[in-house]
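You will see subunit A twice below: alongside subunit B first, and alongside subunit C after that.
On to the complex of A and B.
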C-alpha cells in the first residue's frame, strides 16, 4: 500500500535510554550454553552492551523524562504540543491510554489529541505517517511522536533467543510542516496470518496472566521461557525480513524513481547486526550507507531503533544538512514499512540517559 | 547445485575442516540454533531459498540438508 505526503518534516530527534547498562559477557553465564558458542553468538549478532530499565520503570516514565528535558532546554514549549502520538506495545496499563497519562503528568493543554498506537518495529514509519496526516489539519502545527517500549520487562532472562538482544528506550520526534514542499513516499504491507511469530502469549484477555503462565518452561535448546514472556520465532522472522523487505524498498525506490546510489542512507530497524547486514548484502547496499551498530551499543529497542541510528551515527550531519534517506521498519504484526524522505537540519538530535 | 561447495560452506558454519555427505548434523558439537540460523542465511544468500528452522531440524545428514536446499530451488 502506497502513500505520499507533502510539505512535512521531522524537526527534532531525542532518544532517551536507561542509564542502566548490561553487558553480554557478564550475562551469558545465565544461559546454559558452552562459553565458546556464546562468544560466537556475540561476534555474529553483534551482542555487547545494551540499556534496559531497572525494575518498575514504565514507558510513561521514559517519555515524561524526555519531554521535560525538551521543555527545560526550550526546544519545544508545552503549549505547542497539538498532538501526542505514542507508539508502544508495553503500555503502563490496559486503560487509560499511556499517551493520556503522559499528557496528565506533564500538565499539557486540553486542546490536543492523545493517541496510543499499538505497533512494533515498523512503528516509527507508521507513527510518522499518522503525524503527517494530522498535520493536514489547520489546528495541528506540531506533533510529538513518541516511540517507546520497555520490552526487557517481558523477556525471559533464561532465553538466549531473545534476552541478550532486547533494549529499552523512548524516542521523541517533533513533526511539523515544512516550508520546502518536497514529496515523501511511503510503502507499507501487513500480514496478520503470521502474527504469532512475534508475540507475548499471556497477559491479555485471551490468556490472562496466572501463576501457571509465569512458570518457566523448557522450550528447547536449553532455553527457558514462560507464556508471560516475549516469544520470537527467529527463523520465520529472518526469512520474512530477507524476503519481504528488499522487495518493499526496491519497489518504493522504483515508484519514486530514485536509485539506490542517490539515497544517502538507509536507516533500517535494528533487530541485530547480522540481519541488517544480510539485508544490505541482498540489496547490494554498502554497509557504510546502512548502519547496523545499534544492537551492540543499546540493544534492539523496538520502534526506537531508527531514531537511535539517527542520533548515534548521524548526529552532526543531521543537524547541519538535509539528506535523502530511506527509513524501513519491520517486525511484529507482521508489518513492514519503508519511507523515502529528506531528513535533516534538525534543531536537536541527541541521546540522553534516564536516571 | 555444486555439492562439494555446499559441504564446504557447511563445514565453515560448523567450525570443522570437512563435512561428509553421510555425517549426521547432530553429531557436530556446534549444531545449535546459531548454526541453524547460519544455514538458513546461507541458503537464502547463496541459493535464494527460504527454509524454516523446523525443516532443517527434521533432516538427519548433511546430504539430506543439501537435498532440501536443492529441492527448494526448483
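On to the complex of A and C.
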C-alpha cells in the first residue's frame, strides 16, 4: 500500500533512555550456555550494552520525563501540542490510553487529540504517517509523536533468544508542516496470518495472566520462558525481514524514481547487527549508509531504534543539513513499512537519560 | 584457509560433525549457531551468504553447507 505526503517534516528528535545500563558479559551467567558460545554470539549479533528500565517504570514515565525536558528547555510549549500520538506495545494499562495519562500528567490543554497506536517495530514509520495525515487538518499545527516501549519488563531473563537484545526507550518527535513542498513517499504492508511469530501469549483477555502463565518452561535450546513473556520465532522473523524488506525498499525507490546511490542514509530498524548487515548486503548498500550499531549501545528498543540512530549517529548532521533518507521498520504484526523523505535541520536531536 | 569441519568444530567443539547427517535434528546446531556459522563462513570465504538462504535445510550437514557455499560464490 502506497502513500504520498507533501510539505510535512520532523522538526525535532529527542530520545529518552534509562540510565540503567546492562552488559551482556555480566549477564551471560543467566543463560545455560558455555561462555565461549555466548561470546561468539556477542560478536556476530552486536550484543554489548543496553539500557533497560528499573522495576516499576512505565512508558508514561519515560514520555513525561522527555516532554518535561522539552518544555523546560523551551523547545516546544505545552499549548502548542495539538495531537499526542503514542506508539507502544507496552501501555501502562489496558485502559485508559497511555497517551491520555501522559496528557493528564503534563496538564496539557483539552483541545487536542490523544491517541495510542498498538504497533511494534514498524511503528516509527506508521506513527509518522498518522502524524502527516493529522497535519492535513487546519486545527493541527504540531503533533508530538512518541515511540516508547518497556519490553524488558516482558522478557524472560533466562531466555537467550530475547533478553540480551531488548532495550527500553521513548523517542519523541515533533512533526509539523514544512515550508518546503517536498514529496514524502511511503509504502506499507501487513500480514496478520503470521502474527504469532512475535507475541506475548498471556496477559490479554484471550489468555489472562495466572500463576500458571507465570511459570518458566523449558522452551528448547536451554531457554526458559513463561507464557507471560515475549516470544519471538527468530527464524521466521529473520526470513520475513530478509525476504520482504528489500523488495519493499527497492519498490519504494523505483516508485519515487530515486536510485540507491542518491539516498544519503538508510535508517532501518535494528533488531541486531547481523540482520541489518545482511539486509545491506542484499541491497548492495554500504554499511556506512545503513548503520547497525544501536543494539550494541542501547539494545533493540523497538520502534525507537530509528530515532535512536538519528540522534546517536547523525546528531550534528541532522541539526545542520537536510539529508535524503529512507526509513524502514519491520516486526510484530507482521508489518513492514518504509518511507523516503528529506530529514534534517532539526531544532534538537538529542539522547537524554531517564533518572 | 580453515576447512568447513574446522569452522564447525570451533563453534561447537563438543561435537563430531563428520558423524552426523542432520546437525539440527541431532541438536548440534541451533538457530544462533547458524548465524555464528554464517558470519564465520562469510569471513573465511570472502562472501556474503544471502539472508534468504539462512534456513535450516541449508545447514543440515557438510554437503548442504558446501552446496550453499558454492551458490554463494565461495571457491571450494
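Some notes on this structure:
In this section, the second predicted complex is superposed on the first by the 355 of 355 C-alpha atoms of A that agree within 3 Å, B and C clash if a C-alpha of one lies under 4 Å from a C-alpha of the other, contacts with A are read in each partner's own complex, and residues count from 1 in each chain.
Quick note on the criterion: a contact is a pair of C-beta atoms (placed from the backbone, for glycine too) under 8 Å apart; a residue touches a chain by one contact, two chains touch by 3 or more.
A quick note: this is a predicted structure, and the numbers were derived from the prediction, not measured.
With the two structures aligned on subunit A, subunit B clashes with subunit C. In the superposition on chain A, A:317 makes contact with neither subunit B nor subunit C. Applying the stated contact rule after C-alpha superposition, one finds that A:279 touches subunit C and leaves subunit B untouched. When the two structures are aligned on the shared chain, A:289 is found in touch with neither subunit B nor subunit C.
In the superposed model, A:41 lies in contact with both subunit B and subunit C. In the superposition on chain A, A:238 makes contact with both subunit B and subunit C. By the document's definition of touching, neither partner reaches A:153: not subunit B, not subunit C.
By the document's definition of touching, neither partner reaches A:194: not subunit B, not subunit C.
In the superposition on chain A, A:345 contacts neither subunit B nor subunit C. The contact surfaces that subunit B and subunit C form on subunit A in the two complexes overlap at residues 37, 40-41, 44, 160-161, 221, 234-235, 238-239, 242-243, 274, 278, 281-282. The residues of subunit B lying in touch with subunit A in their complex are 29-30, 32-34, 36-38, 40-41, 44-45, 50-54, 56.
Considering their complex, residues 11-12, 30-33, 35-36, 38-39, 48, 50-52, 54-56 of subunit C touch subunit A. By the touch criterion given at the top, residues 33-34, 37, 40-41, 44, 160-161, 221, 234-236, 238-239, 242-243, 274, 278, 281-282 of subunit A touch subunit B in their complex.
The touching residues of subunit A, when paired with subunit C in their complex, are 37, 40-41, 43-45, 160-161, 221, 234-235, 238-239, 241-243, 274-275, 278-279, 281-282.
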